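Below: a set of structures, written as structure tokens.
Presented sequentially are two complexes of chain A, the first with chain B as partner and the second with chain C.
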Partner chain A sequence: MTLATAASGGRVSVPKRSIRTPYPTWFFLPAAVIYAVLFLFPTLASLFFSMTRWTLFNWTFIGFDNFVQFFKEPFLVQGLVNTLIYAAVTSGLKVVLGLLFGMLLTSEIWARDYLRSVVFFPVLVSTVGVGITFTVLMHPTQGLINESLALIGLPGPGWLTNPRLALLSVALVDVWKGVGLATVIYIAGIVSIPRDYYEAARIDGADAVQRFWNITLPLARPATVTVVLLSLIGGLRSFDLIWSMTRGGPGFTSDVIASVIYKQYQAGFYGLSTAGNVVLFVMVALIIVPLSIALNRREVAR
Partner chain B sequence: MSPQRRYLSGLLAILVSTVVFVIPFAFILLTALKDKKESALRSFSWPASFHLWDNLVQVIQARDYMLLTAFLNSTILTVVSVTLMVVFGAMVGFVLQRRPSIWTSIASFFVLVGLIMPPAVVPTIWVLQSLGLFKTLHGMILIEVAYGLSFSILLFRAFVATIPRELDEAATIDGAGPLQLFFRIILPLLKPVVVTVIVVQSVAIFNDFTNPLYYLPGKQNVTVQLTLYNFQSMFDTSYNLLFMNVLLITIPPLIVFLFFNRQIVAGMTAGAVKG
Partner chain C sequence: MPRSKNWSVLAGFAAGLTVMTALSGSAFADTTTLTFLVPSGEENVARAQSLAKAFEAANPDIKVDIDTRPGGAEGDNLIKTRLATGEMSDIFQYNSGSLFQAINPQQNLVDLSGEPWQADVQDIFKKVVTAPDGTQRGAPIGTGMGGGIYYNKKIYSDLGLSIPKTWAEFMANNAKIKAAGKVAVIQTFKDTWTSQLFVLGDFYNVNAAEPDFATKFTGNQAKFATSPAALKGFEHQAEVFKDGYLNEDFGAATYDDGLRKLATGEGAHYPMLTFATGAIKTTYPEHLGDVGFFAMPGDDATKNGLTVWMPDGLYIAGSSEHADAAKKFVAFVASPAGCEAQTAALGVTGPYMVKGCALPTDVPPAVADLLPYFGENGAASPALEFVSPVKGPSLEQITVEVGSGIRPPADGAALYDEDVKKQAQQLGLPGW
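For the complex of A and B:
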């Protein structure tokens, strides 16, 4: 210490360097500025602007009117409900199918590499491209899906034209595109389970079903948590697939919050659109945060 | 499994997966090869005559070579934003892992927020507009960096933990400052995870549709996904051209998939087995 003080009279830089940490906090700075200006600040600002009538250049404060409207207009409420349905259906199917494919593709099945590639590739493909392709494949009379169903004598539904089916059809395409990700996550989880456990269980006389319920399922739990959280987060904010397939139609039957936000934005109702955005934040936070705490806690308890 | 059952179940799996996952891509390819009249039938059939070159030229020439502009823009957008994301993300991940302090807890919190929360679109447009960045490629690049940083930081932080601290100390004793330590010692050692981040984020940004739709409207700045979206209504009756476009847009991810499959899977499954 005395040395440092003594030296500070003459050459300042040498002692300073020896004190300086090799891990400076300013390394955060570039990332922090971009993040704060373009993500954090707009997010905070949205809380205010959701309570205004807003033209981007000036605003009138109107309190909670936008939110009242959001929960009163039937088609906006429908968007809210649809978002929940969409997120639940897609993440539920991704968990079930992902686990199934994951187990199949870690077994000694033939052509494993081919199957893994084929299931995973759609994850990397443009969502809009997938949406356009399936819109054509799901055409009620000429689409490949219904033509194939007709071959075996089944009447094909109007996948995207039937108001009761449109949202689910899009959700199915979402699963088609996303199940590969769930599968590789499950593969990573299942491969990390020590083989000895299965050996021991086999010796103890456990059959395949028991091995699944007592070994695979509980020990692949981190993978399940990841798949559930990832697909819920993705499902709740999903926009591009729905927009490229149905534009929220027929009517408003396949609208979700994200498409409502876009529609209100296009119509110039910036305040209302931002209110939709805030509703989406709240919904994501209310679902994801408690769920991830609960899922991770039970993991620790084990 | 007995060998016979193994082949049988494998055969069945190949059959089902081909029907479900390969036929849609085959449909894209076949439709892209047909002429306008035949493609309008929406049928899954071998083309009566092949029009690969015609369709390709027509799609490229459409709207004043819009597709070429789009590919150029998307390439610039992807390359620049991924580069920034790698450098800035690795800097944060490095310090975050090495030095627990109040700042690192705050940063970790915001990383999580960035992973979970959807962006507030209209206020972001407002901010971009006041900065003069709305409808510019620069603004779009920064947006992609802002949205992608969280995921990159997470991957970098996990990987930095595998690099021994002794290296930092040795470099520091030899007189390396923080910047030298990071860029000359740490960043080269991060190479495997850098490749993973580059590949995963490139695919994500190249395929991004929603953000350019909001922040980069206008003919000058189209990206490939926006072009496809525009062509969807424009080529309403020319499925051959529409699907030629889909085909062209599918090629870059296919190339990435063929060469970097392992890194993509590694990046996307990170965190799945942390238990």
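For the complex of A and C:
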């Protein structure tokens, strides 16, 4: 509480200082113009166009009809649920696996630098390329995965064609592609923990599990916060991988918000898809802002 | 003075460049290059190349550059965006009928009603490239098509089957084919657009049962879910899945896989539009004689007939800077010489929409099966998308769900009725 008051007390003096900035006003103009043209104007324009039925040539103002229609969209609810599932699964797995890989790759392991680059490599590959490759690997009858399973006598499922599995299969590929980034963040977090703590704990007789729960996990917290936020935002707005692997299919079963919106745009319902993007923007803000505040506050309190 | 030296070098270089551009400009001044956008796919590219070659031979001062685009909903999107931004190629091939109406033809396409070749185009095609103001904006490219079921003739003769005229006979054939260890019905849901034939190809039967369905559908009075005849298409789609007649990889197979399975006799039936004959001819010429075609079976054997698709239109973008040269090319495509160039590339895949285009006598069986429907006493009616501007964008996903047992047919039909509503509103039709 005292910290918060102090912080807000400090904030009051900020405007005063900014008036006496050492730079002249024109110095900020280029950045301000670029910001206004490329970010501010499109955001405001999208708010306006979300209330119209438009083509690129003309528009009719229809108030909130697009939002009403968008929320009546039969696949929207499923898309919402799928988005949340996808975001939760990918960010959860990235945290767990990223932490485990991070620990493994900070230990005294053979060929450590090489292994570090191997785990990071998928991050660099194009998402669409990864999507197409895994679509081929996951083919129900001729895919490498199911053919390998058949060799040991296991019947492989239709990874991308079974409506219950499709979304999870894509989420797993997303984890494979993105876990390298989480690992790198964790490596940085774990390396920055002073070795003295481990030594002290060892002298006090703490075993490896205790050292993990009481030293590594709490002190790697900033890394966890970063990984959770990044992967959650990525999961909520995820589109490219899903589109290149299933196009929201089979049918609508792996549709997420972003692909529902894209389909409206593709069909020429520009106003409706703009409204969808506004909804997505609000939804991401509603989830991320409170989460970010909560995670950061706990960090300060500690 | 190193600085001024640099400047003079730069100036000299720039001058040289200017001279070079001026030279090259004059060298090519009498050659016009037209850009021509066609949907990807073996048959479209082969046809376009053959047309361009024949046209360039007759018009040495005009060059035609072919470019391809994806088909289906992705292609619709690309066409709309490029037209709206004024980035469209000079000439492009795109659907006629309801999709033609959705690209705002009055605003985006060059008016072709006054062209002399219009007199030779069949009226049935003119109707599907007529803008709301009554002008024709397109020429036919390709041939008239049917939407029905391709079948493998070898499997039919091996098992002693006969062409089904009713749905019951079709299902009886399927049972025998399955018992013989073959795939009865091929479905290829990786390319979602291939999933719509049971519904779209059934329109002849819908029209026979409810002749005013199209008008009422456009006016928001008739619905797929509440019209028993229109609902049948969705029910049929669900039935073939429920009875286990599909290929094992139906969810992951592509259009090309479907053609391979059909041509090589892995599967017996493939519901498809007859433009596939061209693709089979280019990819599996040795199997072309094994493939036949029949119309979608309905309830009554005496009322069996074919749902017909008009060929794509050839359009000139309003933004084109070479409209005169483009008109020459379009006139060539809509002439008997253009038909010949198309036949040379693909053989005959169906009847041309231009009067005076002769068909050779030896045609592949799938075409021989198709032509009688178009003849004098043939039973054919245009597909719904040519008699109503209303076509929902999500039909392909809905039919995938119905055809994979994810959604019951009645639900799918109701969902499609909802889908259609958005399109009607975007077009600003009365009554929605």
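In this text, the second predicted complex is superposed on the first by the 273 of 302 C-alpha atoms of A that agree within 3 Å, B and C clash if a C-alpha of one lies under 4 Å from a C-alpha of the other, contacts with A are read in each partner's own complex, and residues count from 1 in each chain.
The rule is simple: a contact is a pair of C-beta atoms (placed from the backbone, for glycine too) under 8 Å apart; a residue touches a chain by one contact, two chains touch by 3 or more.
Computed from a prediction, not measured in an experiment: that's the story for all the values here.
J.: Identify whether chain B and chain C fit side by side or clash on chain A in the overlaid structures.
T.: fit
J.: Based on the superposed arrangement, let me know which partner A:Thr43 touches: chain B (first), chain C (second), both, or neither?
T.: A:Thr43 sits against chain B, while chain C stays out of touch.
J.: With the two complexes superposed on chain A, say which partner A:Trp110 touches: chain B (first), chain C (second), both, or neither.
T.: First partner only.
J.: Who does A:Ala188 touch here: chain B (first), chain C (second), both, or neither?
T.: first
J.: Between chain B (first) and chain C (second), which, if any, makes contact with A:Arg211: first, second, both or neither?
T.: Neither partner.
J.: For A:Val119, is the partner it touches chain B (first), chain C (second), both, or none of the two (neither)?
T.: After superposing on A, A:Val119 lies in contact with chain B but is clear of chain C.
J.: With the two structures laid over each other on chain A, which partner does A:Gly268 touch: chain B (first), chain C (second), both, or neither?
T.: After superposing on A, A:Gly268 lies in contact with chain C but is clear of chain B.
J.: Taking the superposition on A as described, I'd like to know which of chain B and chain C A:Leu160 touches: first, second, both or neither.
T.: After superposing on A, A:Leu160 lies in contact with chain C but is clear of chain B.
J.: Would you check which partner chain A:Pro74 touches, where first means chain B only, second means chain C only, and both and neither mean what they say?
T.: In the superposed model, A:Pro74 contacts chain C only, not chain B.
J.: For chain A, which side has the bigger count of touched residues, chain B or chain C?
T.: B
J.: Rounded to the nearest angstrom, what is the minimum C-alpha distance from chain B to chain C in the superposition?
T.: 6
J.: Both chain B and chain C contact which residues of chain A?
T.: Residues 56, 139, 142, 265 of chain A touch both chain B and chain C.
J.: Taking the complex as given, what residues does chain C use to touch chain A?
T.: The contact residues of chain C facing chain A are 73-74, 76-77, 80, 84-85, 102, 104, 107, 189, 192, 248-252, 393-394, 397-398, 400-401, 404, 406-407, 415, 418, 422-423, 425-426.
J.: So in the complex, which bits of chain B are touching chain A?
T.: Interface residues on the chain B side: 1, 6-7, 9-11, 13-14, 17-18, 20-25, 27-28, 31, 41-44, 84, 87-89, 91-92, 94-95, 98-99, 101, 103, 107, 110, 113-129, 131, 142-143, 145-147, 149, 153, 168, 171-172, 176-178, 181-182, 203, 207, 209-210, 213-214, 224-225, 228-229, 232, 239, 242-243, 246, 249-250, 253-254, 256-257, 261, 264-265, 268-269, 271-275.
J.: Residues of chain A touching chain C in their complex?
T.: Per the stated touch rule, the residues are 53, 55-57, 69, 74, 139-142, 158, 160-163, 247-253, 263, 265-269, 272.
J.: Under the touch definition given earlier, write down the residues of chain A that touch chain B in their complex.
T.: Going by the criterion above, the answer is residues 17, 20-25, 27-28, 30-32, 34-35, 37-43, 45-46, 49, 54, 56, 104, 107-111, 114-115, 117-130, 132-134, 136-137, 139, 142-144, 147, 176, 181, 184-189, 192, 221-223, 226, 233, 236-237, 239-240, 244, 258, 261-262, 265, 270, 273-274, 277-278, 280-281, 284-285, 288-289, 299.
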